[in-house]
Amino acid sequence: MRRREITLRVNGTTFTASAEPRKTLADFIREDCGLTGTHLGCEHGVCGACTILMNGQTVRSCLMFAVQAEGAELMTVEGLADGDRLHAIQQAYWDHHALQCGFCTPGFLMTTVEFLQDHPQPTEREIREGLAGNLCRCTGYQNIVKAVAAASQMVAADPHWVPRWASPEPPTAARASAGNGGTPTSRKRTTRSKPVKPSRSPRRRRPKR
Amino acid sequence: MSTRYAGARVPRNEDPALLRGRGLFVDDLALPNLAHAAVLRSPHAHARIVRIDAGRARRAPGVAAVLTHADLGEFGGPLPMLIPHPTLIHPKTQQPLASSVVRHVGEPVALVVAESRYAAEDASDLIEVEYAPLPAAVDLTAAAAPGAPLVHANTGTNVCAHYTQRVGDVEHAMALAPHRFRERLVVDRGTASPIETRGVVASWDPRTQRLEIWDSTQAPIPIRNGLAAMFHLPQPSVRVVAPDVGGGFGPKVMMFYPEEILVPLAAMRLGRPVKWIEDRREHFVATNQEREQIHDAEIGLDETGRILALRTVFLYDAGAYCPYGLIVPIVASTTLPGPYRLPNYHAEFNAVFTNKTTVSPYRGAGRPHGVFVMERLLDRAACELGIDRTEIRRRNLIQPDEFPYAVGLIYQDNAPVEYDSGNYPRCLEHATEMIGYAGWADQQAAYRAAGRCVGLGVACYVEGTGIGPYEGCRVTVDPSGKVFVSTGVGTQGQGHMTSFAQLVADQLGVTPRDVVVRTGDTDGFRWGTGTFASRAAVVAGTAASLAAQAVREKTQLVAATLLEARPKEIDLAEGKVFVRGVPARALSLGEVAAAANPLRFAMPAEWEGPGLEATRYFAPPRGTFSNGVHACIVEVDPETGMVSLLRYVVVHDCGRLINPMIVEGQIHGGVAQGIGGAYWEKLAYDAQGQPLATTFMDYLLPTAVEVPPIEVGHEETPTPLNPLGVKGAGEAGVIPVGAAIAQAVEDALRPFDIHITEMPLSPNRVRQLVAKARRTP
Amino acid sequence: MKPAAFEYHTPRTVDEAVALLARYGEEGKVLAGGQSLVPLMNMRLARPANIIDINRIDALAYLRRERGVLRLGALTRQRAAERSPIIAQHCPILRDALRLVGHAQIRNRGTVGGSIAHADPAGELTAILLALDGEVTVRGPKRTRVIAAADLFVTYLTTSLDPHELLIEVRFPLPPEGAGWSWMEIARRHGDFALAGVGVVLAVRRGRIAEARIGLTGVGPTPVRAAQAERGLVGQPPSTALWAEAAEAVRGAVEPDGDIHASAEYRKHVAGVLTLRALQEAYERARKVA
Amino acid sequence: MKIDGTNTLPASVDTVWKTINDPEALRRCTPGLKELKAISPDNYAATLQIGIAAVKGTYAGTLRITDKQAPTHYRIILEGTGGAGFMKGEGTVDLEPQGDGTLLKWVGDIQIGGLIAGVGQRMLGGIGKMLIGQFFKCLEESLGSGS
C-alpha cells in the first residue's frame, strides 16, 4: 500500500514521517516519534493503556490510524511533567502509591487530565466512573481513586494546571470533524503558560485541508 | 541501631520514571535492524497436522524467515519439564512448534519474521496448514473418564498424576462423626491478564558470541540457565534481562514458553535482533491459565461444630501439557486446612489433561480453591447445626500457644507444612470488629425491612509463603555515596526497588533514595530462582539485609583505621560515618568507600578485599505462613442477579511489615483479582474446546466501578524463620475472596434459601439460583 | 493484532464520499468514529480494501433543534451530543443513554451516525431512535432518501442502507414537553454492551397515560419497539399493576439470543424487569414536571 | 451449538426430496454459497462467502450428503475453512407427508472455530440460526413457486 507522509504535533514538537495508512496512531507515536510511554495492552480499545489526548480530548490511540491524526495536536504522558518537575497529577499518583507495575499508568494519567477538566471537584463515584475506561490489574484502583481526588485538590489552587498540549484553542468545525466533537461549555480553558522552546514551532498548525 | 525506614510508608523509588513514561518495557526496546515476529497458532483444540505449506509466506514482501517444526532441528523439543513430581507418570511438555498434532487452540505452528509486525502478520495469513480435526477432551469430568478422547495418544489415559495426602484416619473419624455434609464444589477457569502481555527480544552478537534476551518474565536467571544449556553456550555468554515488567501474577514464570526459544533461535539464524510481542488475543490462548478444579468434599463434625474429619477428592485441569508439574493441586490440598485444627484429613486428586491452554500457577495458585472448599463446608455446617458462622470458625481455630503447628502435610517445596507463627483468633476478632459483625443482624433486618437484599461474608485463610531454595544479594557502596544493590529476583510491580532499599538504608545510615536497587538482569546478579510464591521480600529481602549488615561491618572496619577508633565505636547515620559521641570525627560514606579501594601501599588483610561490598545468600529452612480474614458486605438484586459490593475488609498478618503502603497495595490488587474471579472473569470454552472469551470485551476484568473501597487492618506476628520476621504478602488478597462473596450472597438471599457451590457467579447464575430457589420469601 | 493493508481515502464533502462509495461498493467501508470498525480491522476480521474516512467532512458535524425534531449530523461525536444543553433539556433520555455508551475515550471519537449505521444489536441509540419514531437521511449516487427507523434495522449489524449509500443525518422527534423518561440497562460492567436495555418515554395527561414509547436493546438481532405494550398503556391510569402488564407484554414480544454472559431466558426476564422499573421511573419524572 | 426446527413445505414429499437433493437448489438456497462443483455424487466442492457487515469471510470447503434414505431422510454436512477460522454445519433432515404438503424436520449442529469463534461469540449463535432459517425459507419459496 502507498505510504503517506504524516505530520502531527506531540507535546508541542512537530513530527513528520511516512507510514502505511494502516499504521495505528499508537504504533506511529511509539515507533516513528520514539515516544514509548504510550503503551499497548489490548489493541481493541478496552484496556485504555494507549489513551492519549488528541486536540485536548482523550482517545484510544490503538483505534485510530496515524493518517487520521494528520495536523492534530497530541499529548502523551511524556508531555505531562514540566521539565524536571512532575505534574501535580503525577505527584499525586506517586504520593498515593497509585501505580505498581506502571504499565497502565500513562493511560490513567491522560484520562485524569481530561477528567479533572470536566470534574474540578469530583465525588468518589464520579472518579470511579471517569476511570472505568482504563484497566489496571495491580492496584485494585483504590489508590488511583485516592490520587485523582488528591490531584483535584492540588490543581484547584493552580489556574494554569492544564498542560498547554492538552488544551488547544476552542476547536473549529474542522477540528470537530477531525476528532474533537464540539466544545463542552463546562471545560476550563486556561492553560499552563510555558515558555515555547525554540525547537517547537510557535504557532499551532491547523489541520491540512 | 534504631530502625528508621523498615516499617515506614516510604514512597517508591521506581515511580518517577514510570510516571514520566520513561519505563523500559520489552516492547519499548528499539535495536538497529530489528525484525519483528508473529506466531501462527492452531485454530483447533485437537487436530492432526496433515500439511504445512509456507511457500507463499516465505516469498511475501518483507519476510526474513518462516520457521515450522521441520526447520527447528535439535530445538524441536519437547521443552524441558520445569517441576517434575514422582507421581507425575505422564510428564508431557509441548514442542516450540507443533510437529504432527496440535492439542489446544493457540498452540504455535509457525513463526514468521519480517520487517514489521504488520508484514509478519500478512505473511502468516499466507501459510497454508491442513488440519485433520480430532475429537477433543474439553469438559474436565468427561476428560477424566475412561474412553475419553486422549490428549496424548500414547498415555492411554488423560490422568497424568494421582496423588493422595492423609492426616490421621479419616474413614474411622468420619464414620463416628454425628454430623456429615457433602458438597460438590467447582471453580472455573480464569487468567491473570497482566496489562502487559508477554514479549521477547533477542539479539545475537557473532563477534562476542553473546546472546542477549529481553524477556517479560518473572524468572530471568532460570531462563538464562535454560537457554545456555539449550544453545550449548556457557552461562556468561547468555544475558537475560527482565526490564520493567507490566505485571506478572504467576503466568510469567515458565521455562519455557515456545517463544522464549523461537525468538532467540530466529535471531541467531538471521544474525539480526528479533522482537515478538504477544498480542491480547494470543495472550488468551497462549499464556498459561488456571483455577479449574472440581472437588467432591465431605466434612464430619461433632455436636459442638468441631471438625472431626474432612475428605476431598478432586479433579485438577492441567490443560494440554504439565510443565509446571503438580504445584497447583498440591498447593490447593495443603492450603485447604487453613487456620483450623484438622485431626483427620484426606486430600486426593487426579491431574487431568484437556485440550485447553496449559495450566500453571496464577496468583493464589490453588489456594483459593482449597479455601473455597473449607469455607463452603463450614458455612454449610454452621447453617445445618444452627451455629453462628463466626463461632463455628472460632471453635476450630488453632490457638496462639500451639505454634509451631505441624499440619502433617508436605508442601510444594517438599518440606512439611508447619505453621511457624500467627494469632488466628485475634485476626478473626479484628475483622469481625471492622465489618461490624456484632450489629449485623439488626442492620440486615433494617435492610430487609426496606426491601433490600444485603448480606455479609467472612472467610479465613492461611497462606504458605517465602519458600526456598535461596536468593542472594550484593550491596556495594559507591564513592559517590550512592549504594547499589543487585539481586536476582525481578519485580513486576511489587516495589522491590523500594522495600529492599529501605532494608539496606537502615543498615548503612542512608535514605532509601540513596539506594539504587537493580534486579532482573543476569549480568547484574548471577544467582537466583525468581519472583513467585510470595517469596521475594522474605528470601531476597533477608539476603539484602544480611549483605548490608556485612557492608556496615566492613565500613566500621575501614573507618576505624581512618578515624583512629575501634570498629565498635564507629556509627553510620545521615550518610556519614563517625565516631560515636564525637560527630566531628566523621567521613562521608562515599569517602570511606573510596578509601576502601587504595591505589598504593598495603591493604589490611582483615579487610578481606577492597571496597565496601558484600554478597550474602539466604536459604530458609522452609516456608513461612501468613494468614488473614476477609469480610465483605454485598447487595444483590434478586430480579436481575446483579451483585454489588458495598464494603470489603481485609485483616492480614504477614509478620513484620517492611512497607505497609506497598503491602496494602498488594492486598488491594489481590482482592480486585479475587472479585473478578468471583463474579466477572470466566474463560468459557465451547464443547469443541474453542475459547469463547479471547478479548477484553468478553473476558471481564473489573473496573474502578466494580471494585469497592478495600479497608485493610494489619496484625504483625513475626516469624522466627528469618531475622527480619517477615512473611510473604503477594497472594494474600486473592485467596478467600470467592469464599467470602459466596457466603455474603447466600446471606443476602437467605429469604430464598439459595446454595452456592460454583465460582464464578454471574448475574445469570445468581438469577438462576433465585428462580429455582428452595424457598420464596 | 495489526490491520491488513487498505487504500485510504479522505473525502472532504458528502458528494466526494458518495462518489467513492459508488466506485468501491462492497470493497469500500466508511470510517467514522471507528470505535467498532477498527477493533475488527486490528483483529483482521474486517479487511476492507478501501477505507473511506469521513472524519474530514466538516459539514456532517452539527446538532440542532428544529420544529420539535433533533437533527444530528452523522459525524456528531457521541460526547458532543452527551454534553449538548439542547439534548439535556429536550431529549434527556438520549443523554442518559449516551453516558452508557462505552467510556468517555470511546465517545470522544464515536459518532451518532456511526452508532446507528453499525446497528449493534445491543446499541443504545438505535433503540431510542426506534422508540421515538426517528428517521435517517441517506445519500446515494443518484438520490437522497429518508428511511424511517422502523424500516432501518434489518438484522445483526445490518441496516437497509445499500453499500453505495452514506448516512448523513439522524433525526429524533422530541418527546412532548413534560414527558417523563427513563433509560435502564443491565451490563456486566460499567460501559459494557447491555445484556438487556430499555428506554421509556411516558406522557401523562389528566391522570391518564397520553403517550407511551418503549424501545429495547440487547434482546434480539435488532432493536425492538414494544408496540403492543405501548398500546396497553395508552389511555390507562398509571399503576404498578399496569407496569407489570406492560412488562409481561414486553417479555412476550422479545426473542433474545443467549451468549456466554447471559441466557436467552435471562434476557427475556430482565427485559420485563427493566421495563417495569423504567415505566415507574418515567412516570415519577413526568409527575415531577407536572 | 445445537439447533433444530420444522418447516411445512407446500409440495409432496417426493418433490421436496428432489429439491433438497438438487445441486442448483442447494446452491441457490445455501446462504453465501458462491460455488458448488460436483466431485462425486452427493459430494461437492463448495466456496462460501459468509459475512455480516464489515466482517466477511471466504470459506473453501465441501458440501456432502450422506445416510440417504430416499425419499424421507438424509444428513447434510457443510464444511469450510478461511482466514477468519473454520465452520462446520451438520444436520439431519426428515420429511413426512402433512396433508398435501410436507413437514420438514431438521436438527442441526454448527461448529465455529478459530478467530471468529473467540471474538464473535456474542452474535454467532443468533447469526447461525438466521442463516439456517434463510436456507429453509428459500426452499419453501422455490417449492412454493412450483419448482
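Per-chain residue numbering starts at 1, and chain names A, B, C and D are given in the order in which the chains are listed.
Rule of thumb we're sticking to: a residue touches a chain if its C-beta (ideal position, glycine included) is under 8 Å from a C-beta of that chain, and two chains touch if they have at least 3 such contacts.
Since the structure is predicted, the reported quantities are computational estimates derived from the model, not experimental observations.
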Neighbouring chains common to chain B and chain C, by label: A, D
Chain pair with the greatest number of C-beta contact pairs: A-B
Intercentroid distance (Cα basis), chain B paired with chain A, Å: 33
Cα-centroid distance, chain B relative to chain D, in whole angstrom: 49
Mean-CA-position distance for chain C and chain A (Å): 29
Where chain C touches two or more other chains, by residue: 1-5, 41, 43-44, 189-191, 193, 260-261
For chain B, residues contacting two or more additional chains: 118, 125, 279-281, 684, 692-693, 695, 697-698, 703, 705
Per-residue overlap in chain D, given as positions that touch at least 2 other chains: 83, 115, 119, 121-122
Pairwise chain contacts, counting only pairs that touch as defined: A-B, A-C, B-C, B-D, C-D
Touching residues (chain side chain D, partner chain B) in the complex: 1, 83, 85-86, 111-115, 117-119, 121-122
Partner chain C, residues of chain B touching it in the complex: 117-118, 121-122, 125, 279-281, 639-642, 680, 682, 684, 692-693, 695, 697-698, 700, 702-703, 705-706, 762-764, 767-768, 771
Residues of chain C touching chain B in the complex: 1-5, 43-44, 186, 188-193, 195, 260-263, 266, 269-270, 273-274
Chain A-facing residues of chain C, complex: 1-8, 10, 12, 31, 34-35, 38-39, 41-43, 51, 53, 55-58, 60-61, 63, 75-80, 83-85, 102-109, 189-191
Chain C - residues contacting chain D, complex: 29, 37, 40-41, 43-48, 118-119, 121-122, 155-158, 193, 220-221, 257-261
